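Two complexes, one shared chain (subunit A), two partners (subunit B, subunit C).
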Partner chain A sequence: MAAAERPAIDLADAFVMEAPALADWLIVAPLVIGFIFAALCLMTRKDTGRQPVIAIAGLVLILLSVAGLFVHVLANGTVVMAMGRWLPPFGIAFVADTLGATLALISGIVGLATGIYALREADNTERRYGFYPFLLMMLSGVICAFLTGDIFNLYVWFEVLLLGSFGLLILGSRRDQLDGATKYAFLNLIATTLFLIAVAYVYGLFGTLNMADIARKAAVMEEVGPRLTIAALFFFAFAMKAAAFPLNFWLPASYHTPRLAVGAVFAGLLTKVGVYALLRILLTIFPADRDDLAIAIAVVAAASMMLGALGALAQTDMRRVLGYLVISGIGIMLAGLALGSATGLSGTAFYTAHSMVIMTALYLLVGIVGAAAGTFDLHRAGGLYATAPWLAVVALILAFSASGLPPFSGLWPKIFLVKASIDVGAWWLAAAILLSGFLTTIALVRLFAFAFWRPANPDMRSMTLGEVPVARLGLPVLVGLCGLTVIAGLYPEPFIQVSDRIAFELMNPVGYIDAVYAPMPIQPAAAEGAVQ
Partner chain B sequence: MEIAVAALTGLYFAVSIYLMLSRHIIRILLGTVTLSTGANLTIFAMGRITREVPPIIPAGHYLPADGAANALPQALVLTAIVIAFSLFAFLLVLVMRSYQELGTDDTYAMRDAEPEGEPLPPLGY
Partner chain C sequence: MRTLIFRATAPYLTALMLLYSIFVLLRGHNEPGGGFIGGLIAASALAIYGIACGVSPVRRAIRYHPMAISGFGLFLGAIAGIFSLFAGVPYMTGLWVYPTVFGVELKLSTTLIFDIGVYLVVLGAITSIALALEEKERD
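Moving on, here comes the complex of A and B:
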């Protein structure tokens, strides 16, 4: 080729020269596996018997790869891979720090749990219309959003997961689903477009889209105005994604309409991507602007917790109770972001992981409860303690864990967050956390009391678990998820260590920046090259 | 040139917000399309608009000529257009289906997922 005629060029100026270590490939494995298996599921669309087997194999492989990545990151620190070998900031970089790897791991668990549960819930029509391809694509989108180190690429993953979630949400096309999906689709699309506008401003201001590069340039930028505007726009867009008050109205309108497995995976993953993006943008990239926005974030956090808990109390439909509890949990996660201290962020990291598992488990639980009781209506359900005592045990564990009562995993992050609030004198934030926990206890224990304790309604025939198809696989899945919350509650030490490490990394973005730029000592010419 | 594009972008945003404030789903849909067009124009303007010099590297050189246009925003805009278009196509079908099923495009009347006048949850048993 023409290269032979040219003078020798030092490719090391533009490319990562050494091949990535074998273990580093794990960072792209979830993407590759997810897309390949989604394509395979699409090809076997009409073979409704074989397609679930392929999908579960894909979900297991994704879980294994993210678990491997998590172990690798814990052992060796932040993992970076530059796409096309282009040196940062030119190529798209995938960066797995402890936060990204932890959330990816939990997403893998949530994805597999709901995939197994859906084996008995999604019927053949839904399989033919692409339940499993949508699930795999959405899961890949979520995991890649946690792992990407490029802000425009983050936008692309938001759209990937959004499209997957649209597909899952409207499977079945009932009236209430179409109604809920319309609101969900419009509000999420507007939020993503606002995110894109903020990305455009970032590009205009910094001339780069690589997160580490933006963080480097934002740190030395003198003018506060434009940077704060961008940070505020990101906060608005991601708060909408995370369903924080007052931008939460799409969530309770839509999450109760699809299958419970779909609600479970949505509640476990989607809003948390918004929380993750907020942590990444406001702590790694614009830490100075987080300080300026802290009061606004704290008010949004307290309002979300209280509105979510009060909303949950006002619902008669069990699924809609859970929709409001998701919002309440988002408020608690934002509290740590508002505080910004090591204790607070550690609490947020722990609570996010806890909430992903617990909200998924609660949706799956309500799926079994609804199927066994024959209704989701709190007025009519009843008598399940007699027919399904073990389900009652699981339900009580989950209710206690979600409310933050000992000895389950919800307790520790709330202690951290309350302590961090009191440390800075934000007693009202501590009070909101405790009060919302109290109201959540009432909402969930009331659900337990009506659905389980109350004698069966004579008009309704409540079934034993043997007669409920979703329970056969759903109950073992639920027991597994409960096991996680019990272990994290009784022996929290390793979990706290990981969340402390996440908090440390978030508070010291230098580590993140150095990890991305490790392949290349900083060259002024290369760093300036992207700016016109 | 940037000022003209900025004014045009502002006009797009104004139109889109006006449309999205409507109660009717089809107007909201047009509003979101306008919003994403405005976003694309924003990206385009943010790459700085230069004229005359195409971003093509002449033979025998390794760098584009001085003052060459920035090609990256076009890649970004292209990606954003493709995504926005596919979402628009999906939303169009969704809106049509929900109009057929629900018989209305008025968001005040779309109360199937959250019916009005629901009873309070049971207060005791």
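Moving on, here comes the complex of A and C:
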């Protein structure tokens, strides 16, 4: 290397001197794999037969890498990698704590499930116009948003996943899709702009964009005003992205228009990125301001729950019912954030993971139901119990799980959240959680009763599952997702342990900060070995 | 646009601009320039050719679909960081080699691979849009 003739500079001032462990590379693996396979799909855009093979291979590799990362984080604690070797706060750091790794794992599962389901749903035109590249880019955007430790980089990943979602939303170019996509794009861009303004304030105030750096500077800052302003702006922006009341109206206007596989991956992932960003920013970075905002968050949470559940009851299109249930779930996740206690946050973490799986499964279920019944209209569907009894079993499991009834995974987080609410005397929040669960039960059982139990509508030509193209791959995927909710419901201890750990890490951000800043001063001997 | 002067000069202009775009791309690490602006210049070169001689000669000349070119650029960008894995440094660390070819020291790096990736992404994406617009115009 010709570097020898340059003046000697102490690289340790600016550079990470330790070689990263091989397992630490798992933190960038979803990014690299997602982009490489999306690029391969783009290069083979005319070859609609090969694209799905490439995409499924990419999705499987992403799932393996996030599963590996999850195991690695559970075993060795928070994983950090500084891009380009620059020390934080100058280099962008990727930081995987238990929350990020868990959500990344569930995203990998959701991505693969919808990718497999879409094999029979996305037609050749949609493949040519980029269904798989969009899906892969969106998935890596979502996973990287969970893993990045830099607030501007979080904005970039939001853009990546939004662009992917815009593409997926308008594939097909039907009139109602464009109508939904306009509302979706416009409101999301407003939220993104607010997010960016808040980021600019952060940079102006703290002179840094690294989350751990902001967190330690915010902790010693005495002026409350500017900090609270920033926290409130972030809350507004991310609550909008999470479709919390009263900024929720873009979601039911758009999620029912694209393919069901697209709706499933949206419902499973996108709003949860907003929830994740709220948890990260209001708990890791600005914990003191969360306490000030707690009552506002609680009101938003309760209103979202009730509005979502009531909206679901009022709809007659099965896909719109689910759109409102997503909003109701967001309210329940925000309840834990509002409470801020260990029990509450544990409930939020568990419920977020549960909701990602269940909402995806419900959308895929409705896809099969709609195809089998020949309509998504609850007034006209019917008779599926006779033609598809096993689908009815799956539907009932999912309905119970989404409503929080035993013995499925929705039960435990709701118990935690209700307990946490009662602990601090927030009876009205506990009541809202229980009432919204009750209304969700009615909404989903109504869907079940109409589509499955009611005798078939003689005007409609309903099909058996063998005749429904999406069912052949869709049913195994659904059974797999159902399996997850049954396991988490019957044997919740390991899941509760993980969510307790997430809650602990969120309540003690010092662990997150130390993970980014502690390993930097290292022994010179080790450093020399690493460089050459 | 079917004026004789434009049609006669456009191929030369395109060739010059493409050459210049590569110059801008390569000087970009320490001086103004780089993959993004280079890609824009190259895309405008193809757009000028398209305006002068029609879209199908451009599509024939670049052989691959513009989106496929973009995809290849994205691919280069993603793999540029992987070399770090073998050098024992974090992802996306710039790695340099200085081989001497015909008495000239060349500075090659993984950053350059990334920049070429950016060049191709911009070239492919903007060309794709420009050609689609030019096709519309004649309908």
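Rule of thumb we're sticking to: the second predicted complex is superposed on the first by the 513 of 532 C-alpha atoms of A that agree within 3 Å, B and C clash if a C-alpha of one lies under 4 Å from a C-alpha of the other, contacts with A are read in each partner's own complex, and residues count from 1 in each chain.
Rule of thumb we're sticking to: contacts are C-beta pairs under 8 Å (C-beta built on N, C-alpha and C of every residue); 3 or more make two chains touch, one makes a residue touch a chain.
Computed from a predicted model, the values in this text were never measured in an experiment.
Enquirer: Applying the document's definition of touching, compare subunit B and subunit C: which contacts more of subunit A?
Expert: More residues of subunit A are touched by B.
Enquirer: Going by the contact rule set out at the top, does A:425 touch subunit B (first), subunit C (second), both, or neither?
Expert: Neither subunit B nor subunit C is touched by A:425.
Enquirer: Pick one for A:225: touches subunit B only (first), subunit C only (second), both, or neither.
Expert: Touch status of A:225: no partner.
Enquirer: A:85 contacts which: subunit B (first), subunit C (second), both, neither?
Expert: In the superposition, A:85 contacts subunit C only.
Enquirer: Looking at the overlay, what does A:256 touch: subunit B (first), subunit C (second), both, or neither?
Expert: first
Enquirer: Now for A:42: first (subunit B), second (subunit C), both, or neither, which partner does it touch?
Expert: Only subunit C is touched by A:42; subunit B is not.
Enquirer: Could you look at A:176 and tell me whether it touches subunit B, subunit C, both or neither (first, second, both, neither)?
Expert: In the superposed model, A:176 contacts subunit B only, not subunit C.
Enquirer: Looking at A:316, would you say it contacts subunit B, subunit C, both, or neither? Reply first, second, both or neither.
Expert: Only subunit B is touched by A:316; subunit C is not.
Enquirer: For A:458, select first, second, both or neither according to whether it touches subunit B, subunit C, the two together, or no partner.
Expert: Touch status of A:458: no partner.
Enquirer: Subunit A residues touched by both subunit B and subunit C?
Expert: Residues 530 of subunit A touch both subunit B and subunit C.
Enquirer: Would you tell me which residues of subunit A are touching subunit B in their complex?
Expert: Contacts found on subunit A: 9, 152, 155-156, 159, 162-163, 166, 170, 173, 175-183, 185-186, 189-190, 193, 196-197, 199-201, 203-204, 252-254, 256-257, 313-316, 378-379, 446, 449-450, 454, 530, 532.
Enquirer: Taking the complex as given, what residues does subunit C use to touch subunit A?
Expert: 65, 67-68, 70-75, 77-79, 81-82, 84-85, 88-94, 96-98, 105
Enquirer: Which residues of subunit B touch subunit A once you look at their complex with the stated criterion?
Expert: Those residues of subunit B that touch subunit A are 20, 25, 28-29, 32, 35-36, 38-39, 42-43, 45-48, 50, 62, 70, 72-73, 76, 79-80, 83-84, 86-87, 90-91, 94-95, 97-98, 101-102, 107, 110-114, 118-122, 125.
Enquirer: For the complex, give me every residue of subunit A touching subunit C.
Expert: So the residues of subunit A touching subunit C come out as 1-3, 16, 19-20, 25, 28, 31-32, 35-36, 38-46, 81-85, 91, 130, 133, 530.
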